[in-house]
Each structure stands twice: as C-alpha cells, then as structure tokens.
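Have a look at this one before I ask anything.
As written, the chains take the letters A, B, C and D, and residue 1 is the first residue of each chain.
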Amino acid sequence: MANFNGYLIISAILFSIGTIGVLTRKNSIVIFMCIELMLNAVNLTFITFSRYLGNLDGQIFVFFIMTVAAAEAAVGLALIIAFYNNKDTIDVDEVQLMKW
Amino acid sequence: MSNILSLTTFLPILGVLILFFIPKESKSVLRGFTFAVTLVTFLVSLLILTGFQTNAEFQFVENVPWIAAGPFVMRYNIGVDGISLWLVILTTFIMPISVMSTWKAVEDKVKEYMICILILETSLIGAFISIDMFLFYIYWELMLIPMYFMIGIWGGKNRLYATMKFFIYTMVGSLLMLVAFIYLYMIGSQAGIPDFSVLHFYNLHLDPSVQMWMFIAFALAFAIKVPMFPLHTWLPDAHTEAPTAGSVILAAIMLKMGTYGYVRFAIPLFPEAAHRFAPLLATLAVIGIIYAALVAMVQEDVKKLVAYSSVAHLGFVMLGIFAFNVQGMTGSMLQMLNHGVSTGALFLIVGFIYERRHTRLITDFGGLAKQMPIFATMFLIVTLSSIGVPGTNGFVGEFLVLIGGYESELRWWTVVAASGVIFAAVYMLWMFQRVMFGELNNPKNQKLLDLDAREIAIMVPLLLLIFVMGVYPNPFIAKMDPAVKKLVSQIRPASMDAAAKALAAVPVANAAESNETSEQNHTGMPAGHPVIPHEGQSTSPAINPHEAK
Amino acid sequence: METLFFLIISLVAIVSAILVITCKNPINSALALIMTFFCLATYYVMLDAPFMAAVQVMVYAGAIMVLMVFTIMLLNIRVNATRQQSHKVLFSIILGFFTLINTLVIIFKSRAALPTGPYSGDMIKNIGHTELIGKEMFTNFLLPFEITSILLLAAIVGAVILAKKKI
Amino acid sequence: MFDNVWLIPILPFIGFLINGLFGKKIKNETVIGTIAAGAVFGSFIVSCMTLYKLLSLGSEERLAEVKFFSWITSGTFNADVAFLIDPLSCIMIMIVSGVGFLIHLYSIAYMHGEEGFYRYFAYLNLFTFSMFLLVLGNNLLLMFVGWEGVGLCSYLLIGYYFHKKSAGDAGKKAFVMNRVGDFGFLLGLFTLFWYMGSTHNVWTITFSEMAKTSHLLPTGGVVTVITLCFFLGATGKSAQIPLYTWLPDAMEGPTPVSALIHAATMVTAGVYMIARMNYLFIRSPETLTVIAVIGACTALFAATIGTAQNDIKRVLAYSTVSQLGYMFLAMGVGAFGAGVFHLMTHAFFKACLFLGSGAVIHSMHGALHHAHSHDDAQDMRNMGGLKSKMPITFATFLLATIAIAGIPGFSGFFSKDEILWQAFSNPHHGSLNILLWGMGAIAAGLTAFYMFRLVFMTFFGECRITPKAKDHLHESPLVIVIPLIVLAGLSVVGGYIGIPKVIGEVLGGIPNYFEHYLDPVFKYSEEYMSVHGAHGGIHNIALEWGLMGTSVLIAIIGITVAYALYVSNTGIPVKFVAAFPALHRAVYNKWYIDELYDFMIVNPCKSFSQFLWKGFDVIVIDGAVNGVAKSVMALSGVFRLMQTGLLSNYAWSMAFGVVVMLSYFILK
C-alpha cells in the first residue's frame, strides 16, 4: 500500500502551504481561507488512515470537522463584517487594541 | 473527653459563624460576644492543661483519615505533648486579652476585625497541635491571611507596604518548606511510611547530604518567621503598622511559630544537618541579639524599639535550641512563654499611650510617671521582666538558655550573647527614662488620664504571670521536661556518630571539622586552654587534708 | 495508471493551494481554494469514500466558499497592494518549510500500523459507503452527533448577533 | 533549729507589699514609716536570735541550711530557695538589719513632706529584702537574685526624684554599670558550674558543696578565669576602679539611701561574695594579686579625688570608694577576716557620717528655704560654724571622722591597721607588699586630711550661709539624732571585738574574737594555704608596732595639715589652687574619668548603633528586600513588551511553538 504515503505527503504540503498563507497574508479573509485549507489537509489525512486502517471512525470524524469548519466560517465571517463596520478595513495589522 | 483538642481549635470558628448573625452596628455586642468566645476557649484549653499527664507522649491524639489523593494520604492527626502544651495555653490566654484591648481602639468594621481575630486563633492553635505535617502547613498558611487583613485594613499609615512585605516574606519561606515536605513524603512513602504524620518521619534515617538540603529549606522558612538576623526587617514594619491587638498576637504567639517549627520539625527530622548548621545558626542568633539590641537603642519609635527587642529575645531562644541539651531547650521553651507574656504586655502598654496621644515617638512623651502613676508601675514591672531581672519570668528563661548554651559546644557564642543582657538593660531603661521620667512640660501630656478599669483588668493577669513564672517556674518546667528530654535524646546520640560520618561522607564541609575539633578538647575550658597537668596531685588521697581529718 | 492520475490531481491541488496564498485579489484566491476542494474530493473518491467526496463538495465548495465569496462581494474590499514586510514573509516561509519537513519525517519514520478495523476496502464497495457511515454514525457516535447540532445552533446565533449593525 | 530564719527577708517583703500597694491610700506618713521601720526591726530581732542560737553551737558545727522550695530544676542544673546560716551571713544580716533599721527610723523624719513618701519606703523595704536574699542565699543563683535585686532597688531609689533628669540618668548609669558587673558574675557562675560538672561530675552551685569539693579545683588555670569573672562582678557592685563612676553620681538619691545602699550594705556585696567563696579565690594567686592591686589603687585614687570636692556627699562618696578599696586590698592579700571586719566597722562610721551630713543638709535646706535663696544646700562653701548651731550632730560627726581617720582607740584604727599590717606581712605577693602597704598608708593620710577638711569647713570657722538664713539653722529632730548617736557609739566601740593579736597581748591577752568567730567560714582556704601556700609571711612583732606607729603618724599629719589649711589661715587653699590650677581642675573634675568613659564607650556605641540602624538595617537589608521587589517589577516590564497586539506575531509564535515541539519529539 505504498501510495498511501502519497496522500499523506500531499496533505502535509497543503497543510504547510496553509500555514504559510496564514502567517504571510494581511487580508483576514484570505487568512480565513488558508485556515480552511489547513483543515482540509487534515481531513485528507483522516480519510486516508480510515481507509487504510479499515474502520470508519476517521471519516465520521471528518464529518465533525466539517461541521466545526462551517460553524467557524459563519462566526468568523460575522466577525469580519462587524470588524469591517468599525474599521472600514479588514487588514489584520489594524486591530492592535489587545496590547499592553 | 477525647476530642477536646478539636473542640478548642474550632470553637472560635463556631464563634465566627454566630458573629455573622450579629448586626454590624451593635459594636459592643460584637466585642462582648468575641470576648466571651475567646474566654470560653481559654477555659476549655485549661481542661487540656489539667488533663495532661506529664510524660513524653502525645496526648488527646485524634487520628482520622482526611484526604487520600493519589499517592498522598493525609490524616487529620492532632495531639499535644509537653512542648506544644504551653504554647497552646499561651495562645488561648493571650486572645481574650487582645480582644479586650481593642475595645476603643477599633471603631470601623468591628465585625470583620473580630472575625479575623477568631480565625487567627483557630489557625494558631491548629498549627501548634497538628502532628500531620500537611495539616500543619495548612494552618501555617491560614494564619497569614487574617493577619494580612488586620495589618492591611486597620493598620497605620503605610500599612499596605508593611502587610505586603510581611505576607510575601513568610510565603516565600513556607513555599520552600512545602517543597521539602513533599520531597520528604516521597522518600517516606518509598520507606513504607503511610501518611504525613511527623512521628513516622522522626525515625526515618536520611543520609546527610539529603538531610542538608531539606534542613536548609525548613530552617529558612522558620528563620523568616522567628525572625532570625538577616531576615528580620519585616517585623518592625509589621509591628509599627499593626493595630494594638494585631501586634500583641503577632509578637506573643506568631513569632513562636518559627521557633516551635525548629523544635518540632527542622531539628528532630534532620539531626545530623542540625548539628552541622548549629554553629552557623547560633552565630546568626547571637548577631541577632547584639545587633537588635544596638539598633533598638537608637529607635525614635517606641513600637519599633519593642519590635527589635523581641528580635533580640528570640535570638536567645534560638541559642537555647541549638545548645542541644536539656537546660538549653527548657530555657528556650520557657523564654518563648516569657517573651509572649512580657512583649505582649509591652505592646499593650505602647497601645495605651498610642490610644491617648496617637503618636509613638519617644520625644513626644516625658514625665508621664507623675501623670499616670499606675501606668508607670505597670510599665516598670514589664520593662524589668523584658530586661530579665531575677524574680521576673525573663530571668529564668534567659539564665537557663545561657547556662545550657555554655555547657554545649556554643561556649563562645554564649559569652557574647550574655553581653546582650547589658544592652537589653541599656535600651529598655533609656526608653523608660525618656518616656516616663523627666519634666512633664508637654501640655498634651499633662491632660492624659491614668489607666481605666478595663486597661488594668487586661494588665493584671499578665503581671501576675510575670511574677508567678519568675518566682515559681517549676510547674511549667515539670510539664514540659519529659518531652524535652525525649527531644534531646533524639538529637543527642545522632551527634556522636554524626561527627564521624560527617567527616567521612562530606570531605569538604569545614563546619564539620570545627564541630569535630571543639568536641575533642571538650574538657579544657575555652578552646586552647590546657588542662592543668598536676591536677592529679591534689586529688591523690595520701596528703589530701580534707579526707585526712 | 492510477498513480499518474494521482500525480496530476496532486499537482493541480498544490498549484491551486499556492495560488490561494499568493494572488492579490481575494476572489481569485477563493476560486483557487474551490479548485483545491475539488481535487480533495477526487482524492476521497480514490480512497473509496464517495459519500465523503460528495459531502466535501457540498459543504466546503458549496456552502462555505459561497459564504466567503458573498462576504468578499458584500464588503467590496479594495485590493490592497501592501504586502507584509519582507522579513516576516521570509520567516513564515521558513517556518512553513520546517512544518513540512517535520510531518514528512514523521510519515517516513513511523512504522506501518496493522489494519485493525472491520471494514476492508471491498466491503465498502459492495455494501455501500453511505449505508456503513450511517450505521456507524447513529450507533457509536450518536452523542457527538447531537453535540455538533448544538454547536451549529450556537454558531448561527453568534453569527447573527455579531453581524447585526445595531444591537 | 533555724526554722524561723525565713522571717528575716519575708518581713521587709510584706512591708514592701503593704506600702507599695496601699501606700497611696494610707497617706499618713507615720503609719507608713512605722510599717517599714517595724518590718526591719522585726528582722533585726530575728537576726539577733539567730546569732544567739549560732553562738550557742560549738565553733565547728556553725553551719545550717534551711531549704524552702526548689526553684529551677532542669537537666543537670537545679537551684532551690534555701538559706545558709553561718558566722559570715550572721554578721551580714546583723549589719543590714541593724544599720537598716536605724536608717529607716532616720528617714521617717528626713523624708517628711516628700510627695512619694510611700514609694520611698516601699523601695527601701524591697532593698532590705533583696539584701537579705543576697546575704542568706545558700547557692550562687539565689545570691545572684539578691545581687540584681539590690541593683534594681538602687536604680529605683537613686531615680527617686524622677522629675530631675540628672537623677534619672544617675539611676540608669548605676543600673547599667551593675549590669556589666552582673555579666561578669554570670560568666563566672557558668564557667564554675560547667567546669566542676564536666570534669568532676559535681553539678552544684551551693556554697557548702562547692566548699567541700573545692579540693578538686586546680591552682590557677580555669580557677583564675572563674575568680576574675567573679571579681568583675564585685567591681561593678562595689564600685572599684573600672566600674566605680556610678557611685558618686548615685548621690542624686536621698541621703538616707546613700547611707544605707551606697555606704553600709549594697556596696559591700562584692566583699561578701569574695569572703563567701574564699576557697575559690585562694586557689588563684594571679587573681589575688589583681584584687590587691586594684583595691590599693582605688583606695589611693578615690582619696585623691575626695580631697578637692566641695559637695559634702561627693566627698563621702569618694571616701566610700576608697574604704572599699581597703576591703578589697584585704581580700587580695588573703586576709578575709580583716576585710569583713573593716566592712563592719566601715558600715558603722560611714553610715553615721552620711546621716550626719544628711542632718546638716536637711537643716541647711530648711534654712535656705526660709530665706528663699537658691544656694546649693550640699555645697560646703556656704556652710561653716555649724558647731554651735547643731552640737549633737557635730559631736557624732566628729567621733565618726576620728574613727575613719584611724586614730587609735577607735574602730577605724583596729580594722584599717589590721589590713595594712596584713598587706605588709602576707605570704602571697612577696616584694609587692611594700608597694601595697605604701599606697594604703598614703591613702590613710589623705583620708584623714579630706575627712577633717570636711569637718572644719562645715562645723568650724564663721558661718558662710546667707545672712537671712543664719537663724533658721537648728538642731535636727530627735528621730534623726538618736540613730546618729547609736551609730557614733558603735563606730567607737565596734573596734574592740576585733583587736589585732599584737595589741591584744599587750592589753592583757584579749583574743581577736572577730577572727576566731569567722574561722569556720575560712576553714577550707586555711587548709589550702597550709598545704600549698608559700610560707614567707613575716611574723616580726616589733615591725608590726613600728608600721602601726607610722600609719598613725601619717593620719595625724593629715589632720594637722587640714587644720592648718581650713581653720587657722584659710587663705592658703586659694593660693594653692592658684598655684596649681591644672592639677586642681583635674582632681576636681574626677580626673575626667566620666568624660573618658563617654568618649571611649558610650558615644561610639551610640554612633555605631545609629550606623547599624540607618546604614545596615535600612539600606542594606531593607534595600535588598525592596530591591528584589523592584527587580521583579522591572523584569515584568520587559516581558510585557512581548504582547504587540499584532495578530501575525501571535500566529507566528504559535506556529513556531508547534514546530519546536514537533522537532523535539522527532529528535528525542
């Protein structure tokens, strides 16, 4: 079952790309997307292993990740809208109130 | 009855519960009720005194399972023996007096003040009677909280600085102790010791290097509390800012917690380390005596002067403890009681004049003897007791400490400490003269009225105790003697092989060598003094005129 | 043959992932992300998990990305040209690279675990993937299933309150 | 046999309690006075009975110990409250109660009209109680209790006029100096207890046991250390060279106090202690030399200062210091009996002198008060010619002065001459004897000079008091005069019970009753001397007579010089002062000893403790504690900067954390 590693490699690559995206981009929506990307990379790993190990727990767990991702997207975007209403920008570096 | 100890400990808590229901405004009811509670606790504690058979074992022992959390098993294990008996009685004796002394001193938030005092009393009694080390630690920390509030809320000007310093200073020390407790418990549990009770750990023989570190942790925690020389600066601040009752309790009982800790935990648990550190801690004690006396001499504030004087007195107690013989130990136990009584009385007196003049500077007073004769005689008696004039309690304790210290290896330390007796007379009498004698020219002093009935009622029991303990200390000594002998026997044999093992085990510790050499020429008077060779000649029976007659 | 197909799909996925984080206009990155989701869906199919692929497409590509695009459009965000300072970008790339290295090392170092689960590959094919998941979901994982419903409820309420102008 | 001995100290203690607690309410002076004097009189009666019972016993078994209760017992140390009755303690209780009673009687009149009348008599009774404890105590600890008790009472009585700052200071000075002496006493006690216990397993501090086991002690070595420490205690209490400056200042207290405490009883405690532990002191020749030399030096030194003082009580104070020097000289040369004899005779005539001076001051004070002048009632320069005004006081004063000057036939001569002869002929110090005798003789001459100077200045010549007050000078009331007469009688007759041997044979074989009476007490030291002592003592009768003659001659010279200077032509002293101003000023200012002590000990102590407090305590220790607090604050300031508020920083640090942990687990 050598090609299982392939899926794992791909998910690792996607995950690291997502990380780089989160760290570099200033636009909060793009950060949001990168987080989604990271989540999906993890989903892929889950499904690969569930298929490989033969029990479906992994896949069911992916279900839960999806619900969480959905919930997160909803709340996150509401935040971004609220943020936009106050600051007229969604640039992450503007929000600096939470400091000493 | 068997659970009298728990009754004495938790009676004040019962009082606190009932206090909640008394309305805040009716101050006199609050004070009256608290005084009643403390008085009842005192009477109950007298039952302990009468029921106590004079032997070395723990009595009225209550041993109930308490917490079993993972590896740790703590039992509610309390009991009283010769050493802690008198300290419990001192606590319950001082409490009603300090409550009486706050009749007019504290006007705002009287309910909270009384609750603080009662919680303080419970934690103090608890600490003295707990055999389980964990229980001791809980009471040890618990007592800080009410005292923190008493100084912090009802204190003097910069009370926050003083109470913060006091609290953090003691906390740091006790955290070290907690670590040592747990580590000790770990070693103990490997050696099959089921719970935290200190009795099991007494016969647990640790190797010297482990003992050394454990002793350092314990010694530091108790040294802060005593307070020993370099760690004493929190005491004058805490005393000057504390209200009268707070500073009486702090001086009379809480300082004894440190010395009691040494006698109960630090020394018997780690005898070899205690012997190795005896010279160092004795040096600190002696420095403490001389240093505190000198610094007390030039104080302007009466309360600071008395605070430094208690540092000096407790230096004597520590010297007695580290003499490791029966006289020294009995002397230090007695000196603890004496210090409680005489310094408690001194702080009450300072409280009286503070309530009248709201100033503590010696220069503001002068010539009070003519204005307040009763006060003058009482102040004189307490000053004499603090100096240690024979016939008062101070002398008996000091004398036994000095003679005990002289017989042990701490001979030269005792000589220096004995000179402390002179300085004690100097600063106390100089303060007494500046406050009481001289011209009565300050107009404010001319209007001061003498002690009223309440204040006299507070002072009379203390004065009686000063004379009773001075003239006839035997009942006090008899009750604590077997326990002291057992404690000394626990330490004494260890010292014989300690010296040898110390030499073998730890090559570099020079303290051991000095301990070793001073033991060799034990017979010669001060080190280096040759024993006169021709002593044999005078004892030879042939020409001894004495027998011949 | 299958591996060739797999390679093509992974190439597409990686390029679109890179596109997501590099292009300036958020819309383009959204579209690139959708492309990535589709690649993932194909992976799921290749892993004999067709139902998962369907759900993936519906939930992610369908719901979440639509929401994202809708927000982008709603807020008509101007394309801001300013990029992060260079040194931050450099550090993050190094960090990303290291995460990659770490995970790869884990993958190759770890020994292959024994397949323990009851469901072998062909079983899924002949019984039907959805039926199996349904059976599994509503027997062992019933409680988590209920909890996720509560989670969604909370998310809905939260989103509504946060996004309202005047509370 | 001696079971009613406990009455002796208890009676004054009861007097103290009554006057102390209820004195303020009694207010009636005569009642308070009679309670106090009655208590001491009771003790006097009981002491006479005890002495009588003791004399009825044979001279060998004159030793009885009465135990009351055990005071402190812990480990190897136990001290109990028990009294030791033997010839020495009997003499002392006779002196204390006898002279004490006379002084109590005297003070009833002297302190008439004082505001703290009850307080004075309460302290006086407390003093008598502690003196009895000191004298009767059968162990060192009980003696120490009495020792400190008398120190305390002298502090209270010196500071009686507490509104006067000088009185307060004098009291404090007296107590602290006594305390220094007590420090020495304590060290001696500890060393003795420890040495006897650890080497011979004799854990005791009772005198009788110490005496019995004294043969175990070595000569010199540790015994020298013990005895030197005890001698330090004695110098503190009996005002010898290093620690004597408190006695002249103690004259701030009322005169009867000076008479009782600073002349008759307390100051003799040091001499009693050495006599009591003679078997210890005899065993260390070095200490004996030290005692003898210091005794002689003090005698001479104090006598020189006494010659230039103008305050009548200061002169008497220095004469006390000088006479005590004689007693220590006697102790130093091993003549314990002679020392105790001089102690007794000195108690008589010095008490008489002090009370006489008190009577003079009392009437001077009354007269000056009438004349509303603020002259000092104690300054001899405004006295003179009181002979006619106060005849009885003058007569008693003269008798006592003759006694102290050492004129034959009076008590002073017998005791002082015995000491001088013993100093000359004792076997202990060889060549040093001549020097000791010389200093003693010169001091005797000076004593005669300044005592008669005092008498001539106060009683002879014309009255220099302010004219208005002249007719108010009158004889003191009866209660003051009777004690004077009794004491004057005693100071004359007192000498005859201890006539030195050589004079005894000439006067028809009268033995020295006093020496024989005290022999059992010094039995052990005699034995030690017979075994170890160097047998070089001189026993030449003719030489003894010769020396006696020379000392009497010196005394007479002193008197004639005083007569010449202060009666016949009074101009000479003024010229003398003008001729040697520096010497006079030095002598008048007590050789600046007080200033020296202040400069050497008191001020450095004060400044050092000021430095310790402000410098060390506040800056160093508190500085360290507050420093720790400040550094923690500063450190937290630094960490605070990490929270920049930027989201990317936080995300980055989180990712960094994950990477680090992951790589750690991989590499482990």
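For the reader, a short list of remarks on this structure follows.
Basically, a contact is a pair of C-beta atoms (placed from the backbone, for glycine too) under 8 Å apart; a residue touches a chain by one contact, two chains touch by 3 or more.
Keep in mind that what you see is a predicted model, and the values were worked out from it rather than measured.
Ranking every chain by how far its Cα centroid lies from the centroid of subunit C, the top place goes to D. Ranked by how close its C-alpha mean sits to the mean of all protein C-alpha atoms, the top chain is B. For the pair subunit B and subunit C, the distance between mean C-alpha positions equals 70 Å.
Centre to centre, using the average C-alpha position, subunit A and subunit B are separated by 65 Å.
Centroids built from CA atoms put subunit D at 104 Å from subunit C. A separation of 37 Å divides the Cα centre of subunit B from that of subunit D. In subunit B, no residue touches at least two other chains.
Multi-chain contact residues, meaning those touching two or more other chains, occur in subunit D at positions 648, 652, 655. Of all residues in subunit A, those touching 2 or more other chains are 19, 23, 26, listed in ascending order. The full set of touching chain pairs reads A-C, A-D, B-D, C-D. Residues 24, 69-77, 141, 144-145, 148-149, 152, 155, 159, 162-163, 165, 167-169, 171-172, 175-176, 179-180, 182-183, 186-187, 189-191, 193-195, 197-199, 212, 215-222, 225, 527, 530-531, 605-606, 608-610, 612-613, 616-617, 621-622, 625 of subunit D touch subunit B in their complex. Against subunit A, in their complex, subunit D makes its touches with residues 640-641, 643-648, 651-652, 655. By the touch rule above, subunit B contacts subunit D in their complex via residues 165, 169, 230, 232-234, 291, 294-295, 297-299, 325-327, 330-331, 367, 369-370, 373, 384, 389-391, 395-396, 399-400, 402-404, 406-407, 411, 414-415, 418-419, 421-422, 425-426, 429-430, 433, 436-440, 471-474, 477, 481, 484-485, 522-523, 525-526, 529-532, 534-535, 538-539, 543-546. Partner subunit D is touched in their complex by these residues of subunit C: 84, 88, 91-92, 95, 98-99, 102, 105-106, 109. Contact residues on subunit C toward subunit A in their complex (touch as defined above): 2-3, 6, 10, 13-14, 17-18, 20-21, 26, 29-30, 33, 36-37, 40, 43-44, 47-49, 52, 55-56, 59-60, 63-64, 67-68, 71-72, 74-75, 77, 80, 82-84, 88-89, 91-93, 95-97, 99-100, 103-104, 107-108, 112-113, 115-121, 132-133, 136-137, 140-141, 144, 148, 151-152, 154-156, 158-163, 165.
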